[in-house]
Amino acid sequence: MRKVFVIILLILVGYFLTNTFSLITFGENRIGNTSEEKNVAAYYLNNTKEKTSVANVVTAIVVNYRGFDTLGEVTVLFLATTGLGSILFRRKEDEDQIERISKPSSSLVQTGSRILFPLIALLGIYVFIHGHLTPGGGFQGGAIIATGFLLMLISYKNFKAGHTMLIWVESLAGITFVTIGLWGLLTSGSFLENTLPGGELNNLISGGIIPIIYIAVGFKVAAELTGVLDILLNIKPKK
Amino acid sequence: MNSFFLILLILLAGAAISFALGKISSIISGTVAFLSIASASVLFFTQLKNNTYIEFPLGEIQLQWGIDSFGYIFALIVLGLGSLASLYSISYMQNKERTGIFYFNFVLVITSMVGIIFSQDFISFFIFWEIMTWSSYLLIIFNKKDVKEIGVKYMIFSAIGAYSMLTAIVMIKGNYNTFLISDAIQAGAFNFTNNEYIPILLLIGFAVKAATMPLHVWAPKAYSNSPMSFTVIFSGAMSKMGVLGMALVLVRIFTFNANNEAILPNFSPIILQQTLAWLGAITAVIATLYALMQDDAKKLLAYSSIAQLGYITVGLAIGTKLSVMAALFLAIVHGIFKGALFMVAGAVERQAGTTDMTKVSGLIRKMPFTFFTALIAIIALAGIPPLGGFVGKWMLYESLITESNSYFLVILVFFSSTSAFLYCYRFLFGLFLGQEEEATKDVKEAPITMIIPMLILSVLLMVTGAYPGILFDPIAKGMETIGFNNVTWDMSVLGNIWGNSVNMIYVWLTIVIVFIAAFIFLTLKGLKGTRYVSTKDISTSGEIPLEHENLTFQINFFQPFRRAAAPMYKRSMDKIWNEIGSGLESLFNFTRKIYTGNGQTYAIFVIAFLVLMLLLKDTLFLN
Amino acid sequence: MYNLELQNNLITTSVYGSAIALILIGLYAVLVKKNLIKIVIGLSIIDAGIHLLFVAIGYIKGFTAPIFSPGSENLANKMVDPVPQALVLTAIVIGFATTAVALSLVIRLYKHHNTARIDQIKSLKW
Amino acid sequence: MEDLAIKILGAVLTTIMAFTVGMFYGGFVRKLTARVQNRRGPVVYQNFIDLLKLQSKTTNIAHGFMHHMAPIWMIIASLTTLMFLPILNGNLWFPNISFHGDLIFLLYMMVFGSLGMALGAGQTGNPNSAIGVTRGLSQMVGFEIPFVMSLIALMIQYKTTSIQDIMIAQNESGIWNMFSNPFAFLAALFAMFGMFRYSPFDIVGAPAELASGPVSEFGGKYLGTMMTANSIFSFFKLTLYVNLFMAGAGNINDVGIVATLIAIVILLIKTFALYMVPVFYGWVSPRYRTEQAIRYFWAWPSALGLIGIVWALI
Amino acid sequence: MVISPVHYIAVPLLAAFLIPLLSKFIHKELARIVPGIVFLYSIFISITLMLQIGDKGIISEVIAGWQAPWGINLVFSPFSGFLASLMSIIGFLIWLYSYNFKKIDKEQSQKYHILQMMMVTGAIGIVLTGDIFNLFVFMEITAITAYSLTSFYRERDGAEAGFKYLLIGSFASVLILLAIMILYTQLGTLNMAEIAQKSHLIPTSLKTTIIVLFLVGFGIEAEMFPLNGWAPDAYSQSPGPIGAAFAGIVVKAGVYALVRVIFTLFDIHGAYDFLIYGGLITMIIAETSALAQTNLKRMLAYSSIGQMGFVLMAFGIGTHQAIVGALFLMFNHAIIKSLLFMSGSYLTYNSLTKQISALSGLGKKLPLVSILFGIGAFAIVGLPPFSGFWSKLYVLSAAADKNMLLLIMTILAVSIVEIIYYFRVVSTLYYGKQNPEIEIQKPSINAMVSMIALGITILVVGVYPDVITNLLENAATALTDKATYIQSVLTQNLPIN
């Protein structure tokens, strides 16, 4: 009964979605001519190069034009970790009983992971350092680093992600982000304003505060994701 | 400072201080309450001149306060009865718990009633009305008896009333763009033919407080369960606020229609008038029938109050000069005698511990003054000449018969008032007459602060009986304020010269002369030979009961009557309302089953709603 | 010519279609499956579908990625819409956060009720 | 000043007449009842003898204030009602205080005495009294309804609440109300049965059962006074009925003594005739229980009363 | 540094990131104190800015130096400013109330305070932002914190409530995201002012779809029936102050978003009717459901939903006065429901079970708390002289201006139901039999202070509503004055400096 009802509903939802998106032609140029700057995208494409000296427009948007979104997004992650911590909160006295659910891995996996982990971390760092130049950025880099940690976490049963370290990284990265924003507010009167000189396009050191923020975001994301994974993996065994 | 504010401030301060002092001593707290009410009364009657108004804005609404002759009538009831009741409650509330809360709400009720009288705009009227409602609610449940049933019922009905009033008020604002009562009247808001619902809604609102028929079910228990010193106000004065409102609206409806009869061939006002009058009469009958079946004196009085309010409603609904005058006169007199009776009940309750008439009897020797008050008040209540109660009843009948041709209504009203003798007698007999109970052997007369207000009220009843003109004076002025023209006291002369005080004096003279003569004769004759014996000495019926026996006939007192009138007891409004209530409750219980507790179901709701909206989007959002 | 149109249609259908299909599949899982984990997975699938749709609407046929990498510095009017990409990045992270919280709640629920069936976890109702 | 003197004199005369007539009527009824029951019966003036006996008793038992007051109340009621009833239409000597006689006032004043007696009876503490009182009051609610209905019918008919106006109207048209509105009259008549508390409506003071009910604790001067009051009251009631339905004592405006006496005789004849109706009815009817009595009054006497109102309206 | 709206967001964020460090390395108490300071600062900002816009009208602040359509901007209008100030104040009071909360579990307490602070910040962000996607992000911040806080207690069924909330909340975010997506394809902008300016360009069928998606999405946050299945659970299972925060802050943000979409973004009259009917049905269902509740907090939750229905309905009437009334209602609901949740959770805490019947006679043992609860109950049902009356009056007279008699009567009929269940609680509280076994834990001073502050506000506003009406008038004008909004956002080029 319920299933039939749901299927009918889903058919209708599908119908409406199709209907709606049939009006939005795939691959159509909705930006228009960039020189007219009628809409936001066109403006971004047209002005990013000159005004921010960032090669990757998406990065420019994420970190600068819509940097506030990103700040919020980082906050969401931070809050998710905090929330997770509070939802799966363990008292001190319960700490000892905590076990990682994963089975102990074979030594092959363990050794492999140990070799792979620095490489993965390096890749991640590369991705977020070059976030303003190439595809990728803080989130992607952070996610890659977290994958490395995940690898370590599931292959070593007693691998500790280092809570203090995570807190430090997390907080400092966050503080950096906000402080840079506030610095902009202080010096130029606008929160997150790009106060540093833009530099030359396609150089590693270019784009003013954008790479700095992205690096901070990268660290933060890495720390948060690792934290989340760490919490979710550590579970008190049931009796 | 403006006297209006000053009076309210004194009262509010009195409320606050007596609340604060409640923890320390109930006597001090009560004295403060009494002093504040008394001083406010003094201020009111000395400082305020009729037809003075002030205006000020609050919440972006222009408010107007003032006092006119019409409000003055009710101010007499409220402040007079309020002062006496607060004096009375000093002793009544002595040694009780939570007196602070009691006095706080007590004074607040008085304050809000004074506020209602002051209000010349609907908003402050409604505000004070609601304050009155909730503060009285707190007093009703003060005794912690049947709290849920009584309190909630009271609140429900009050809310029904208040909200229909509020609806009317905002509709007046919507249609006529004014909150001022006078402007609304000017604009014809009460004009029944233009918009029938505004006056009807207002009337529903007032009818609840006046305990008119289908809306009366809250009243019996609410009256009987609140502390008696408050019921004095509750039944004596608060219900009159409903009367005030009804008079205000009804008079407008009828005078308007009377003035425009030629233009408006519309019978709806007459239907309304008749409906309301019949409702009032039926209220009176039903309440009377229930009153005489009560074993608890307080409940008896409570039902009796409802019945009396029924007469007042009839009078107002008929809407002729004489009937309105009768209604207003009855309103004042009812305040006096019902106040006195509730005071009596309170005194008995305080001294004897209960007002259950099957448990108390023969108090006449212990509490002579209380009995005297009860006697006088009951005579007035029954409408027996020569007290004030009679004057009102007489005018009511005269107006019904001579002015409005509602003959069948008269029969109903008369039936009610004849049956009222039964419970009147029951009250006196149950508490004061009959053989004395062992349990009430050591009962003493109530303290002086309770006796004084009672005696004052009984004297007032006699005075209003002998000189009804002293009440006709303000009533006539008040009626002229609300739209009657040329209200003369002589107007009550309808082929016979009643209503004018001279004739009441004749009645008094006759009665007094006969009384004195007969009294002297009976007392002096065989003065020495007469033996004064206890109520146990009833040798003439053949058997002398022992000391511990009590032969007083109290249980199933009016059983023959009940058997005769059995069909009338079959249906009670209470049951009907309870059925409606429980029906609604189970309906609501069903609606909340929507929240099944299954998160997935909620999710399906969301998607289903989304789909529904998408299906309907064109009809809904295409403009 | 005919082929090209067919190809276009095919691409449109497959991109939008797969995204919509993902959304529907996810919705089905959320609305019908009883297992909490499956519901969470369903939510993620819906998210994936939405994200796919989001990226798809920013695509402009024949245009390049919005990166001024060396050699394509002047292609500003030949680049796809960068905004949806930026937005979807945010959306993904938010989706991740939600999923994480959801999973943690599932763990709590499983511990508390000793079951992962949503129709049995109904201690709060009415 | 002269007016006042005449008035006072008239009042005294009225009282004396009412008292005497009432006492004699009571005697007649006792005598007649006895005859019907095949007894010899007391002499007609037996009531006076009884009264003398009661008043001459020295020892009286008083149970308290209300007990003491009850006879006073009753006599107040009887006299006041009498004073406000026009006995002889338009006669100088018997206008009493009210020139017109207001029906509603009298209606209420009539209750005054019953209430007083009830209170007095209540204070005695005798259960029989209390039971009698409840029965009496309940019965009163019964018979008041048809009574009021017939009164209202009359008021509608003549557009007045004044007894005198009703009397004058009857005399002018020459048709008594008992003919012009028979339904109202019948209703009132039935009410009258209850009012006089003769059998079948004598459950109130049912002598064998309740030891004479409300008055069971009254003796001596109290009972005597009550008897006096009752006699006066009977006269009042009869006169009221006669005034309302049988055009009173006719249309006499002559102040002369002869004319007055003739009028009084007419009045006495009419009242006595009327008085016999409940008495006769009582002889042939068994006693009703209270609720039966009430139902009785609410059934067809009330229906007649309603018809009477409708009749009057048409 | 010049005070600007962004401080509302930036300072709490900074604090949130700092708190773990501070509490770990400087002093543990800081985790509890810092949020309070932040809230105080928010109140300070509110006061400053509200005084500023007295002369200036609308403050539109750009972020990252990009003018309005290109970057994100924050709009501090009398309307959003009013809500932001309200939220800061309620947030502060809730912080004050819960200062001692979970004192023993330092870590939990720290998390609680961070989450609570961020929830308020998210809500303020929703209100202030001028960018639709940014609004979405803030909504998610609020939502994530709300999920976590709902399931904060392990002893209760918090997780269940949290999961339901999350499930429905995810739908909300999906729908809003879809709406934003379609909107972006049509207009190529995310700035609300620009959307408002250009909304007539959208083809009708898409426009209605967008509106439906927004309405359903934000309707979930605004607790509209039948989208509110999560709400009673979430309210009743979350810690007391969080219930207050939901009622006072989170829902307000949802309503803000809904109203913004309807009033500013699009100009569709059908949406007003939708609000009226949606609100009315919500109100009826919720209030009637509340009637039979035995659990105090659940009852409060349904009542809260009902009130939100009332608010939506008031907005739906759409006249200036109705909006003033709706805003007044929001204000009242925020303060009153916070008070009720705060005092109610102390009462339930002391009653062994959460059942209403278990509260009997607590009025004597916890006099002040009970009186405050009573004031709240009286105020919420709209009895004068408490503040609830005025809002009801405003809305009703606005409805009357449009001659909606049936609507008025329905509202009032529902209010009677409301009266029944609130008075049932009050009478149990004061006039029930006492349970002598209960050992009372007196509320701490800070909790008392915050409750008393709310109680006094209710009374003061009730007796003298003019203290607030001016603000409300301005706010209502700001909401309806679409042109000024668009103009001040799109043409104000200079950041405030």
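Labels for the chains are A, B, C, D and E, by order of writing; each one numbers its residues from 1.
Keep this in mind: a residue touches a chain if its C-beta (ideal position, glycine included) is under 8 Å from a C-beta of that chain, and two chains touch if they have at least 3 such contacts.
What you are looking at is a predicted structure, and each value in this text was computed from that prediction instead of being measured.
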- A correct list of chains touching both subunit A and subunit D reads B
- Both subunit D and subunit E are touched by which chains? B
- Farthest chain relative to subunit A (centres taken as mean CA coordinates): D
- Item | Chain separated most widely from subunit E, comparing mean CA positions | D
- Query: Any idea whether A-B or B-E has more C-beta pairs in contact?
  - Reply: B-E
- Message: Centroid of subunit B to centroid of subunit D, CA atoms only: how many Å?
- Response: 36
- Message: Can you compute the centre-to-centre distance for subunit A and subunit E, using the mean CA position of each chain? Integer Å is fine.
- Response: 30
- With chain centres defined as C-alpha means, what is the inter-centre distance between subunit C and subunit D in Å? 101
- Query: Distance-wise, how many Å sit between the C-alpha centres of subunit A and subunit C, to the nearest whole number?
  - Reply: 16
- Message: Two-or-more-chain contact residues of subunit B, please, as numbers and ranges.
- Response: 592, 595, 597, 599-600, 603-604, 607-608, 610, 614
- Indicate the residues of subunit A shared as contacts by at least two other chains. 2, 6, 9-10, 13, 16, 24, 30-31, 40-41, 44, 66, 69, 72-73, 76, 79-80, 83-84, 87
- Message: Multi-chain contacts only, two chains or more: what residues does subunit D have there?
- Response: none
- Each pair of chains that touch: what are they? A-B, A-C, A-E, B-C, B-D, B-E, C-E
- Message: For the complex, give me every residue of subunit C touching subunit A.
- Response: 8, 11-12, 15-16, 20, 23-24, 27-28, 31-32, 53, 56-57, 59-63, 65-70, 73, 76-77, 79, 81-83, 85-87, 89-90, 92-94, 96-98, 100-101, 103-105, 107-108, 111
- Inside the complex, what are the residues of subunit A that reach subunit C? 2-3, 6-7, 9-10, 13-14, 17-18, 21, 24-31, 33-35, 40-41, 44-46, 48-49, 55-58, 61-62, 66, 69-70, 72-73, 76-77, 79-81, 83-84, 87-88, 133-135, 137, 139, 201-202, 221, 225, 228, 231-232, 235-236, 238
- Residues of subunit E touching subunit B in the complex: 160, 163-164, 167-168, 171, 175, 204-205, 207-209, 211-213, 215-216, 220, 226-227, 229-230, 232-233, 268-271, 273-274, 285, 288-289, 291-293, 302, 378, 383-385, 389-390, 392-393, 396-397, 399-403, 405, 408-409, 412-413, 415-417, 419-420, 423-424, 427-428, 430-432, 464-466, 469, 473
- Message: Please output the residues of subunit A touching subunit B within their complex, sorted ascending.
- Response: 2, 5-6, 9-10, 12-13, 16
- Query: In the complex formed with subunit E, which residues of subunit C make contact?
  - Reply: 23, 30, 36, 39, 43, 46-47, 50, 53-54, 57, 83-84, 87, 90-91, 94, 97-98, 101-102, 105-106, 108-109, 112-113, 121, 123-124, 126
